[in-house]
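First chain A sits with chain B, and in the next complex the same chain sits with chain C.
For the complex of A and B:
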């Protein structure tokens, strides 16, 4: 598979694996991101988000598995992938001695396509001084410059690796509403990795949760939130919780209160809990993305 | 390609400035001696300039070692290689640009110094044929040393993250050869504690210059090929 029709997935991985010595950073990741989708790749620190993105950019060797971006195999033609992908890394390593205008000139010379108007507009929007040296820029301004470069060559896919980390709350708001929102609404495919769940909630329509290199779940965000509920059951004195229903990703017993987070929630599953011996009372509630994320990770850590 | 070349020049600007000091410093010292009214040397000021050219040519090989050792590792140490790797530039273009930059540095060093040699050769005392043969020999040995400096530095730079180690490795290589040569020559030579002329290879060690040239001409292309191949095949920046 070297090329794909324009209707094919924007990003596809099959069994993507990366090992650093004895550490397994990404383990058998299989993922398909359709074109035009804004995909939020969530995971705690060290989950393998950056490693995955760097492999997709052709900047990191792949231990096993395969990956395609816009139908191009990232291992066989990384330059072609980079021509069509905009990348904003978590930490910026742009030549510190370059001036902003030199960074733009250098990048413009590297890409086949470059939209001067977009570049000028973003330069103005971000208030970037073309004569300033990179070493004089703050982390936020550097992120803006990286985003300007990533967007000005009109990429079909944007890979944003923790683009908001290190930004103060005001800069983050500016970014989320003014910039990333616009980008996501353009119809480009965006993969944004973050552990700031609120930000992802505002941007992404699909999410995947990565933990210790494994993709725990993936799906439409609204559907995921709609189908996952938290059941809180009150147990009678001296009773212990019984077998939880299928799809329980996390459970906790605190005193008489038994809390369960259940995926693919159905009324039957809820009835099943209510009907368990020792359950005095039970209620089900919706979950936010942050609670869902935390429960899934906690469940994994507890080996549930 | 022009932007890449410009980037390589700007990234190595400190090296270029230091290289210019090494290149022009010896000439500046002779000029200073003339302007300050120092006594003219026995063979005249022209021979002083020839001496300055020899010194400048020899010392400038340090610049060549730094350019080689800094070529790839220099961008890894400040992680700007990651930025470069995120752009759609082929490794072949990156290598070509780095080599062109190095070639420009080497060309500048040799053009300036051989230019001075050539224009003042008549003023050097002694038999002209012998003198020119001797000069050519010295120039060839310096060129081979520079070649080893660059190629070993380039090779180490391709594998390492530290340009310091790459440059140090390049500078130490000819010395390692000399030490090894001396040790082997001592061990198999006539005054060897192991007995005289133990090996037929001993005759090779009679001629240090030839051995050194063989060493340089074997090691330099090998290191260059290994370093380039490694960098071209490596996925990581």
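For the complex of A and C:
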């Protein structure tokens, strides 16, 4: 199925950098995504998620560093990358005057591979009307059409750039269904950028958090959540919080309540906080993905 | 079967808890098949690897067992395993409640009273005619 090293990573970048004028959109991004992985790329607006994905698609020149998709250098052979990658862009540039069936026919002619059965199944799953004109389609339907095209040419990697924003709950669920089917049936490698943290939690096994063009952290989602805790300590009157333990990504003092989010949490770190002078009592609790994400970004903004 | 993706409880554990509860309640009986990975993943909208992880845990517990080439089945003593494991879910929920009480500065006696009242209320509800 693959032409190069089928055991190598699906996506790899080393020091990937993109500069627009004086703005560093992506800065020294190094990442390795194994085959079969579903990777959720998270980050606030302007973090560099789309820029990263467009560089991986060979659609945007690279300022520095290198990137490979399925072992192919994205700069030297973008055509090869486009044939082997399914891409759902943030904004759709599907021809507006075409009918759905014409879009499908057009795309089928563009790709070396095309699976008619997958295409039919997706048409049915999404309830797409082949006779409808693209300009009559809602945002959600357009996104589903883009996914249909992306998976019908049997890509080895699926790149989904913020596909879920602006979709109503039903369209979102149908879209998730479509992605999950290709993961189940083909062991599809997926890179999805999104703000919809609940949906990322459902889909992804690995996540990376991008902030101001830099990758702040990356890892298995369950492991990240399992090893991060939020400690809440109550301070005695007039006491200021002391030095937080290593791995504190964010902290806040509100009245007598001192809240800390700590990565690589251990019982020793908890005891350390508990034993600090001025700490009356303390408790530790698990976090959801949304809290983890927000705390990490807040911590960065506060310059921790 | 409902999954809460915003919960701090890992999704694979939520799935395992749901399957245990379903087996304990007789939704799936001994000897019956569980939904396939694909069916479960697309039904609850979760990555199939996560479902696999939950199924692996349930296999280790002996609640379900693979039958070669046919999928996963509830084992003969599955219902008993499910009931004893359901205790873990109850323990976790009680831990959370106790922590909330301690943070609020409640004494053990105060928490116990709330617990006893809640038990009585549930018993009354169970006895009420529908």
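One rule holds for everything that comes next: the second predicted complex is superposed on the first by the 290 of 304 C-alpha atoms of A that agree within 3 Å, B and C clash if a C-alpha of one lies under 4 Å from a C-alpha of the other, contacts with A are read in each partner's own complex, and residues count from 1 in each chain.
The criterion applied here is as follows: contacts are C-beta pairs under 8 Å (C-beta built on N, C-alpha and C of every residue); 3 or more make two chains touch, one makes a residue touch a chain.
As the structure is a prediction and not an experimental result, all values here were calculated from the model.
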| item | value |
| --- | --- |
| Contacts of A:225 with chain B and chain C, given as first, second, both or neither | second |
| Contacts of A:177 with chain B and chain C, given as first, second, both or neither | second |
| Chain B versus chain C as contact partner of A:283, first or second or both or neither | second |
| Partner chain in contact with A:93 - chain B first, chain C second, else both or neither | first |
| Contacts of A:201 with chain B and chain C, given as first, second, both or neither | second |
| Contact residues common to both interfaces of chain A (with chain B and with chain C) | none |
| Touch list for chain A against partner chain B, complex | 57-62, 75, 78-80, 82-83, 87, 89, 91-98, 105-107, 109-112 |
| Interface residues, chain A side, partner chain C - complex | 38, 173, 176-177, 180-181, 183-185, 197-199, 201-205, 222, 225-226, 232, 283, 285-291 |
| Chain A partner contacts - residues on chain B that touch it in the complex | 2-3, 7, 10-11, 13, 78-83, 85-90, 234-237 |
| Contact footprint of chain A on chain C as seen in their complex | 3, 5-12, 37-38, 41-42, 45-50, 99, 102-103 |
